[in-house]
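Next come two complexes, and both contain subunit A; in the first it sits with subunit B, in the second with subunit C.
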Partner chain A sequence: MNQIPVQQVGRTLQIEILRHNPYDPASKPRLQTFEVEEADAMTLFIALSEIREQQDPSLQFDFVCRAGICGSCGMIINGRPGLACRTLTRNLPQRITLAPLPAFELIGDLSVNTGKWMRGMSERLETWVHSQGLEGLDLDALEPAMEPELAEQLYELERCIECGCCVAACGTAQMREDFVGAVGLNQITRFRLDPRDERSDAQFYELVGDETGVFGCMTLLGCEDTCPKDLPLATQIAFLRRRMVMAG
Partner chain B sequence: MSIKRISGPALSDLLQSLTGLLLVLFVWGHMFFESSILLGKDAMLWVTRMFEGEHIFGQPYPLLVSAVAAAIFALIALHAILALRKFPASAAQYRRFHQHMESMHHADTTLWYVQVVTGFSLFFLASAHVFLVFIQPDNIGPYASSDRIWSGRFWLLYAPLLVCVHLHAGIGIYRLVMKWAPIPAAQTQQVRRRLKIAMWGIIVFFIALGSASLVTYMKIGYDHADRVGERYHGADGRGGV
Partner chain C sequence: MHTIYTDVLVIGGGLAGQRAAIGARRRGQEVIVLSLVPAKRSHSAAAQGGMQASLGNCLGAAGDNEDIHFADTVRGSDWGADQEVVRMFTHTAPKAIRELAAWGVPWNRVQRGEREITVDGKKQTITEADAAHGLITARNFGGTQKWRACYVSDGTGHAMLYTMSNQAIAAGIPVHERMEALALIHDGGRCHGAIVRNLMSGELVAYVARATCIATGGFGRIYRVSTNAVINEGMGAGIALETGVATLGNMEAIQFHPTGIFPAGILVTEGCRGDGGLLLDGREHRFMPDYEPEKKELASRDVVSRRMEEHIAAGHGASTRFGEHLWLDIRLLGAQHINNNLREVKEICQYFLGIDPVRELIPVRPAQHYSMGGVRTDHHGHSPQLRGLFAAGEAACWDMHGFNRLGGNSVAETVVAGMIVGEAIADFCVSPEGALTLSSTLVEEFGRRETRRLAAIAEGNGGENAFELTRRMQETMTANVGIFREAGRLEEAVIILQDLQRRSRAISLRNNTAGANPELVAAYRLQRMLKLAQCVAFGALQRTESRGAHYRADYPRRDDANWMRRTLASWPDAKATLPTLGYEPLDIMRMELPPGWRGYGARDYIDNPQTELRQQQIEALQATLEGADREERQAALMPFKQLLPEHLRGPNQRLGDES
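Now for the complex of A and B:
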């Protein structure tokens, strides 16, 4: 009763990692295989840390929170994007292939600069509350209350951690570098819902009403199927598409 | 409140979907009429006469068929030019998409590529078929069609057309629903699973129906090969087509 299932026999995992240091002119992309003894409830984060500590300190990968909150450890795991810290090795075959997320600037090995991409997207789509007269706002006064349902809706969309998995999973983003991806479209729907944001649909149309925005999306649904936070991306993008057709 | 005029990329996206929807509805309807041959030559003759307006005007006007063909051709052209926007535009884009698709092993990503391949094939296959109907609207009927298909070797066009058009139509409708329909987030996965099952069911059904009628036309054409050009006069003995 109440026993956590324990895996009895540990496997020797073969972890194949795409290695490359773009800052070293002599570096050529290559696959390197590491062997790791699988432990119970091992995540890829633990396996990679073990490799770095015990086998190769030069291995580059990003982690901060280890709990699926910071969005740093997105990588291609056996062909599909996912968070390493949320991926249990027991759900993977014995041979695991890891590669950096495509579409982002490579820092080295599994580390990519999602931050730079996200910042560019955020500045382009102006993903912050637009409101007049904020300078005169009395910060000590109570904010007008928001309906709990609306607050919950906002919170649901706000759960995005900008890990970049949706961009890496998107066929459109792979072909067209200027596509804002599900992360961008989701943020637009989030600010559109927010009553504090005074922008009109016509203004949102200026931001996403073209082929680099919602009308570039071809509904391949890679984003919906790989989002580690299970955000309702298909629903949000369909909603935004309908709104933007009316606004266009 | 005034309804603003829809323009630009919004209009393109909406029109691509709408023309696709109309074409799919047409193709599905077309399949039932075309496969009337499975019920016999007289059933097909009746359908042929209906489309030539005979049941309304008292005599056949094949030009009506040409008019429909021209309208369908216009829809195809519009749909094609709008869909072309989405095609990969360079060798590099094709390469990246291929890499992505092979790595992801993701059904909807792969199905999109099936749309690209079948869509490209349809530029030629559908055009050839619709153009023929446009210029020879009077050349449709139990014997006329069968002779064309067997003795005229048009089955070589219709067999690949059948497969391409139904894959393209079925997958297209599935994507259309996912693209526009207001599906609550909590039900997305369930609705999607059901749509996928329906999609494959419809694709298999129409390819089976189409194959059965194509084989029937081929059989009639084969038996009629020494009398090519002769028209079917129907059980009522009236003017043949």
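Now for the complex of A and C:
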């Protein structure tokens, strides 16, 4: 992942982008190639911004943090889902092909509606701590203790940035629109591990105990291979599957 | 025009906006949140190192309380903050963190027993108490007397934002994503919602609300080099300013973070230095102790950033083809600490610099980071000029940070402000003043005005390019209105910005595609950003003193005699190229902590005669308070609890308190 090849000076990158604007009735999906002079430490964020500013101001893409933190800029980069903002062009060949993430509603060009998908997933899987009395909390009192190690384990699973790469790389998700994806299953394992969440395995089974959930996974490992945060997704899904078999 | 009615319209889906939304929703109000991006992608997620709250659990935090947090924050602000607001904040911060803990944030916890830490470049072994085991721990941050930054590894903002967003989803609060407010609907005295553009379809929609809350974050993108996300263009502050009525406070107070990675400007957390990391110069000499013997790398951000630039200017930088920078050294913290507690930093170094911070130095240079200024409000987040308009978080200036914010106080502010302002919004909605009384013609009028404005840009043929003008603005701000300011360069910036404003009215779009139309977006945002930039530049030019992050090389001293005043900018004439500036006094005679030396940075300042009077008054008062407890003493000097919602007034329990 962190292999930085020898600097290739003076490359002219050819960036081929799958373009389509669903809001324009005349638009048809097409590939368009832009040429960009490669600069030092150039990322796809810099390259795409330059294309928009200097060549085609209609080009659509999503960047927010441009630091690999917010998960906005997932796209297919030379055939693999990844975060464009932290992809250095020097790690790519001279010809770069970019396409929007599949499995999400297309907004235009490289911009897809991951937000809508993730909100739907959160509502369906109820990805929040379920606990009695959250509204009547005594905020003056000392907080309940938690084992330091457990807090760290929870954070490990919470590092997911809902970028959608795991969904785009998932065989099941390509076939079943209603599959909750590794992102959803990971969140179930996160809340299941959290003692503050009072839900039982039987209740989690209701949420993910079928082919749209944990039993839909075909263990193709595309999720774990492409996760930009290196989350142990396959392990978590396997673990959850065992628990759900027992709960079911 | 399609019109949506709601009780509360929150513009901005970050921590402040969502917490305010949850508060109002719990009080039975219908709430809609608008967000430029999916709410979990808001810039709150980028807060890395920690959230300040005086829990006092771990050894480094022992003895901490609201009083010390208050004093640190006021000193950090260089006495520019509203001290009542700081009191409200420091009192509520422990409650905010405990609420988030119950909601699911996996705060790092105290591990009992011995552990090794790095202080002042050396290893030490400390022993955490058994009683503290499992309570929320904290790390050291700049400008503080105690370890007070509670954290979740270095993904604190991410964990907080996800928890907050999930709670908002649980509360059934709709977030209308990819929606941008273009104008506030108002009648000169009362705000009634906003005209909003759908960033996918380009369609305009009217949102009519009893209360409207701006929580759109900062405006760092008026600068070329900024740690801010690309969405931080200040559009919330921009539309408030464009009402011509609402004011923006202290816009010249801009924070530069010491450790933006060079040259991209991406943030690496203050936690690097808090945990023991050092700043080195081109010869790998640790230079901060030479300038700041008291706090060294952990002086406040304004002081450290200035010292770094000073050191570079003196020829001690490291040189690359991009220019000069300094080094951040976290190697001494060791692989295990970096891999566990600074993992985002490690990833950023790997991906953007191709280096491993366990073994290599990180190139850094100060970068624009935070906007202390924003929409001026009262203690409850309410605009004094436009009733029904609220603001919270970085977008607001209720004035908790004055002229310099302490690290870890911003995420804390977002949640605390959300807790307080959400209640105030609900109070307003149920009050007679909160009734929805506007005429539909007003909505239509604003809708037509915005439609015309967009059409004028789309049909413009003046030949100017929105992206080029934006870049020119950003370069001007970074070059002329940066860390070191002086009259000549500020005057030049004001003139350039005036020229850019005129040119921004003569933009030609190269493309008029249906739907989102990013070029149109750049063009209309630019016009607003230029106004904000002018508030910063013109405000900085007028403020002939140095206070906190506002440093005037030609007026290097803090001037309490003339400048215990908050700048208020408004823009009554849409065609003007300069804001109208006014000032409101900060009353020393009501301060709990009168002005003095901050404990770091320059010792030299121009005194205000009232400072001594107030000091004497305080001493006299204290003499009458023999035997009073901490809370009583505080209340005698500057009562504030009456300003808080009732359920937030209780004392914060701490480890070792008598129960």
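Here, the second predicted complex is superposed on the first by the 241 of 248 C-alpha atoms of A that agree within 3 Å, B and C clash if a C-alpha of one lies under 4 Å from a C-alpha of the other, contacts with A are read in each partner's own complex, and residues count from 1 in each chain.
In this section, a residue touches a chain if its C-beta (ideal position, glycine included) is under 8 Å from a C-beta of that chain, and two chains touch if they have at least 3 such contacts.
Keep in mind that this is a model prediction, so the values were computed, not measured.
Chemist: Evaluate whether subunit B and subunit C can sit on subunit A together after superposition, giving fit or clash.
Modeler: fit
Chemist: Quick check on the superposed pair: does A:225 touch subunit B, subunit C, both, or neither? Answer first, second, both or neither.
Modeler: In the superposition, A:225 touches subunit B alone.
Chemist: With the two structures laid over each other on chain A, which partner does A:79 touch: subunit B (first), subunit C (second), both, or neither?
Modeler: In the superposition, A:79 contacts subunit B only.
Chemist: So which one touches more of the residues on subunit A, subunit B or subunit C?
Modeler: C
Chemist: Go through the superposed model and pick first if A:93 touches only subunit B, second if only subunit C, both, or neither.
Modeler: Neither partner.
Chemist: Can you pull out the angle centred on subunit A between the C-alpha centres of subunit B and subunit C, to the nearest 10°?
Modeler: It works out to roughly 160 degrees.
Chemist: Give one of first, second, both or neither to describe whether A:211 is in contact with subunit B, with subunit C, with both, or with none.
Modeler: Once the two structures are laid over each other on A, A:211 reaches subunit B alone.
Chemist: Under the stated touch criterion, which partner chain does A:248 make contact with: subunit B (first), subunit C (second), both, or neither?
Modeler: First partner only.
Chemist: Could you say whether A:21 touches subunit B, subunit C, both of them, or neither, answering first, second, both or neither?
Modeler: Only subunit C; A:21 stays clear of subunit B.
Chemist: With both complexes overlaid on chain A, does A:169 touch subunit B (first), subunit C (second), both or neither?
Modeler: Touch status of A:169: first partner only.
Chemist: On the combined arrangement from the superposition, state the nearest Cα-Cα distance between subunit B and subunit C in Å.
Modeler: 13
Chemist: Need the overlap of the two footprints on subunit A, from subunit B and from subunit C, as residue ranges.
Modeler: Dual-contact residues (subunit A): none.
Chemist: Quick one: in the complex, what on subunit A touches subunit C?
Modeler: 1-2, 4, 21-25, 40-41, 43, 52-54, 56-60, 62-72, 86, 88, 107-108, 111, 113-116, 118-119, 122-123, 126-129, 131, 134-135, 137, 139-148, 151-152, 154-155, 158-159, 161-162, 191, 194, 196-197
Chemist: Quick check: in the complex, which residue numbers of subunit A touch subunit B?
Modeler: 76, 79-80, 102, 169, 171, 174-176, 205, 209-211, 215, 218-222, 224-225, 232, 234-236, 238-239, 241-242, 244-248
Chemist: Which bits of subunit B are touching subunit A when the two form their complex?
Modeler: Result: residues 4, 6-14, 85-86, 88, 93, 96-97, 99-106, 108-109, 112, 175, 178-185, 188, 192 of subunit B touch subunit A.
Chemist: Going by the contact rule set out above, which residues of subunit C touch subunit A in the complex?
Modeler: These residues of subunit C touch subunit A: 26, 37-43, 45-46, 55, 94-95, 97-99, 101-104, 106-111, 133-137, 152-153, 155, 158-159, 162-163, 165-167, 169-170, 175, 177-178, 200-202, 229-231, 263-264, 266-267, 321-322, 340, 344, 347-348, 350-354, 356, 467-468, 471, 509-511, 513-519, 522, 647-648, 650-655.
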